[in-house]
């Protein structure tokens, strides 16, 4: 039973790590955004304060069962997915519940959160929410195609559907998938722009068009919970990308404390660097219209994805 | 002063076509006074024949002493670069004026506003009854006999604390023990 | 359950700290003072330093800025927005117009004293208040929050009758959902 | 094809995308607008009624509040109308100062437009820059007039305070800075492929209908018609200054944006010329004691080019110390109602705010 | 569109260079930039400079300014002792209040932050609630930027050289346009009303003139002044000394405007038509008036309006008293007096000329035949100059000299004239002498700025070639062989400051100078003549230091006897005070007889 105890401890640790890192990244991005905009911006821990405030805000409105459920749904999805992601490659501290075929599982679970939100927003009866949800789903259809294509490329290339294994292969060969299959990586990278919902792909909650989109009717604890879910998801996506394409982090052969911390450091550097891509892109671009966004994903990223698949097949 | 040939020419063509009075105010400004019924004809003529394709502005003046409303249509010719004012006066009782939004679509907005603010009816005018106001059941507010200050004082909360204000003139009168006769009071300083 | 007064104090302190450091401002330009809001929020004055940011919908907002005069037509919407906001909520009145009618004191279509219709935490002087004033207003509000004095929603709930009477005096056609929280 | 269900969408009055405080009621099918109706009145303050209660000079404190983003043209137009009624000469120096103030007002308004146009499309960085930089112009105003937003500076007879040489130097310095900064803005906005995609072909004002619909200002120049009050009916000293009135073809948001981009340059150039040419002399032709100032009976119409288009004032005097009637017609009066209602159907709902910013819809100007 | 718009994607990346720049944010409140030098922030009022005219309150488009009574402000002339209080819930910072402030006491400061929970705090008094803001003043108005009209419309006058040729009126009066312009300068505060002994409705009639309602103006004037034409020409106009405009500029020409108003009615019929006096039914009481000077005429006019039977007893052949005989005709033409007298007579005032009380009729008779008596005798006996050889031929008191000339008499002043004194009478004497072609010099003990005469008179005299020798104390008259005047000897004086008073002239030893002249006109004041009054009345009517003691209603020790004019000890010795005496005596008589 020792093993289980460690796993539970690890699970809690993972959740805290994912949450903290996700929130802090958000804060740092706000700070950096401010610098680009010639100003100082809020402190990097601002997101925590926002969250705390939202949690202590009274929330007296309800929009039906799904209204209650949506945030819960999102946080459950987020934590679940988090637990299936290898935080550090083969590190015992983090309960990597990976199993064979978890990549496909993750693919579905990640949609799961958005789905919960969609259902909750749909029940709020706000037309902005409804339009926002439909836009969100359209956009998801847009970026899922190159994303899935790039994953498919990886799966074909290494004939595995386990994230753990993909990481391990990169660790062993020392060649990142980003290099071994650059087309798949690029396709995934473009798809990630859509995933993080910075402009030009912030069409879901475009303020000038839809107020705050799906979350229009959510405030207080609901919004706070969604925010934490979002933060964890951000961490998940980044970690997943790092493990899929950027060689992962952590050394499965050495799980001592120093090595673990070192591994975490590598993870943070890689994730943060990756995170900057959509952020940079967002600073300098206005938002697409929905159909333009879908067109965007279905053009270059999809083509790259297909090339990636072909590359994988023939390499 | 330059000769106002263009303006005079324009005025001549209008006065001869409609037998109306008018004058050249200054350069680029010509006005004609028309009967209520002729207005739409003049506007249409000006638009189609004389090139006044832009309705720059339209307004209403409440001449309460004459018991008339004056409607002013300001139109502009981008080619001649002249403003033409077509002015007409209508009765203040049950005022009604021809709707010209078939000539200029944008007249619709002006007419809705005038309908609301002065109570002039434009038969055939499309658009909701309310323009800027909501649930207004008093007299149309831009009429001269509507006292906005009185209305505001009655309707809205007045913050107390200013009752101790004094009038300089009255203070001085009081101190010197004289009174301003009633017939002179209208010349005292406005408050 | 926490019964200990001291621990309650600590909890209050933390709560208030979070509340004051994270003020989501309702993006509703009710009047002309709204022109200085962009200036306040953008790079020259950067109100985000205080955790002040915009919120697109009333559900998410903490602070309602009444930026100047309120036409009766807007008043109705403001009340609606205000009632949709979640507690704790705060109201800042901008400029002369909210205090005593400002330059529209004799207009038939604008209200004079804002606190007659919704409770107001802080009034900012000016016509219109410049960004420094606006920020001072926020700083003052933060002080009040930290001291636990700003409890706008409670005041409104408790005096709902009185507010309703005043509101209905102005708004002739009252067709609005009840305030039920 | 199955007809999608029509839904009603209310854009505003509380909505981040709306310019100011108004409401557009939309009938939409999917993402496409079928019918749009503008509802105004949320900012109705009864200006025209209030001005009738004030005396001739007092009125000008109200006037600048007609339209918040650009108060100065209102002051100027009113002043010019009253000067026409009163046969009052304005000293030449005052005319030059007025031109500088007008162009500075245009610049700051353009910068707000940059922010609005980009912000409504989700490009917030530009808004942060330009609105932040706009403060430098407001600082100039503050130094000249004592007020940041509401200057209450131009009044019948001239201007309220004289300009100093240090102020002129500051203006020139700020102009240099803005010229440099505008390149940054343009890099982010006009060079941006996504912005181009968003702006081109959207919100088209048809060329043959433009004048009839009452389109004025940059939107009219955006359809290729060279129309500007500053050249059509030159006022103040605009006829002594050398400037271009840019036009663009297409009538879409892109064309309007190009026009404004170039006008920004022209404004800077006008300010430089005006500062150079400004003569010495009086800045104010004193009006009598404002409480007793009586303007002769008559009616006058004055118009001025503001950033959104022409602004006209119809001022009527009945020979007393108060205006009998003042009617103001701003560009937004037609842009915000008729034109908007006409061009919105067929557009994507994502573009509504974008179009409104591009037309320069300013609700306080519509209902006053 | 190109295949791939690489430029369009990469170009915006230039924005990233901003990352390295230092933000231009002003981290308020930690740091802040100072507001500009003429920022329009909160008000500040210099309470000492403020005169409480309330012009700020009037111009305010938002009715944001109230005038309130501050207890710590002392009442003084030309100051309403009210001070502005601002309602910041109304203010729009247009700064019009600053621009119209006639004294420049009101200004705006660089302070603008004012945040509070209590909306009632926004009612505050600048200068009291922000005492320390005096060094943060930013927006002010000086004479050039203020929109108050500080420059008086100049009065057209005859040329100095032209004037001395005749007794034609020197001041030509305002044209309609000039009068309107001048009347528009008035801010209608009414501070002047208080100092006017008669409390005329000055703001009202000026406003009427500004609004081109000249007839109404005249009516307002006649409400409490039946001799406006006289006042419009020769009033001492104390009002103009406290005019709000005079603090930083020229006072409004109140006197000239009154004069202008009276010009609208050139004939008696017109006056009657315009003023439309409402004469009440005779009430059966009769009042006798001694002396047809301004006081007596005023009393007579208002008594007659109230239905009294009024009779004036005048010793001279003309009514008007001092204004008839003491003022030269170039200032106040004969027709004007006649017109006013005729108007009085037309409403029922009876005047018995050439009837000197005590000689042609006894005072007792008047006293017994009337229900009340009003005494307005004025001052006829000149003071002596008090120097050696004063009784020489060629030395004449100014008042006698003027009386002779005004009675169409001739008086040969010779070639050179010395006038001793600095009051209006002295200047009148000098200017009249100048009109007879004499070379005139005025000798005055103090400095020119100390002269009690009007500055306009002094200026006028100078234009007419009158020389003024200030700080000259006459010591004796030098006679020639025939005993006639040959010259005046005087010493120069230096001014020595004196506690609690104006500086005193002190003679400088050894500075004796002789001014040679043919005539010396002494003008250092007059006293009343009470010889006509029987002793038993004199006891009741208390006379102290040559003047009659009266109460507020101008009632003397004898209930039935009222008194006014220069002969009573009340107010100044000028025409407008005399009119005030007459006006107030009417109230007293009303109270006595009708108990109103």
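Which chain is which? They are A, B, C, D and E, in the order written, and residues in each are numbered from 1.
We take it that contacts are C-beta pairs under 8 Å (C-beta built on N, C-alpha and C of every residue); 3 or more make two chains touch, one makes a residue touch a chain.
Only a predicted model underlies this, so the values are computations on that prediction, with no experimental measurement involved.
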item: Co-neighbours of subunit D and subunit C - touch as defined; value: A, B, E
item: Most remote chain, CA-based centroid, reference being subunit E; value: A
item: Pair of chains joined by more contacts [C-beta pairs], B-D or B-E; value: B-E
item: Closest chain to the centre of mass proxy, which here is the mean CA position; value: D
item: Whole-Å gap separating subunit C and subunit E, where each centre is the average of the chain's CA atoms; value: 57
item: Centre distance in Å when subunit B and subunit C are each reduced to the mean of their C-alpha atoms; value: 39
item: Subunit A and subunit E: spacing of chain centres that average the CA atoms, whole Å; value: 88
item: Gap in Å, rounded to a whole number, between the CA centres of subunit E and subunit D; value: 53
item: Touching two or more other chains - residue numbers and ranges from subunit D; value: 15-16, 41, 44, 46, 49-50, 53, 61-62, 125, 128-129, 132, 150, 188, 192, 194, 291
item: Junction residues of subunit E, two or more chains touched; value: 12, 15, 18, 23-25, 27, 58, 61, 63, 87, 89, 92-93, 119, 187-188, 207, 211
item: Where subunit A touches two or more other chains at once, by residue number; value: 34, 36-40, 207, 211, 283-285
item: Chains touching one another, given as label pairs in label order; value: A-C, A-D, A-E, B-C, B-D, B-E, C-D, C-E, D-E
item: Complex contact set, residues of subunit A against subunit D; value: 33, 36-39, 127, 131, 199-200, 202-203, 206-209, 211, 283-290, 292
item: Touch list for subunit A against partner subunit E, complex; value: 32, 34-40, 280, 283-285, 300
item: Residues of subunit C defined as touching subunit A within the complex; value: 14-15, 17-19, 21-22, 24, 27, 42-44, 46, 48-51, 53-62, 86-88, 153, 181
item: Complex contacts: residues of subunit E adjacent to subunit D; value: 5, 7-9, 11-12, 14-15, 18, 24, 35-40, 58-59, 61, 92-96, 99-100, 108, 138-139, 145, 147-149, 181, 183-188, 207, 210-211
item: Subunit D residues within the subunit A interface of the complex; value: 7-9, 15-17, 31, 118-125, 128-129, 132, 188, 192, 194-195, 197-198, 348-354
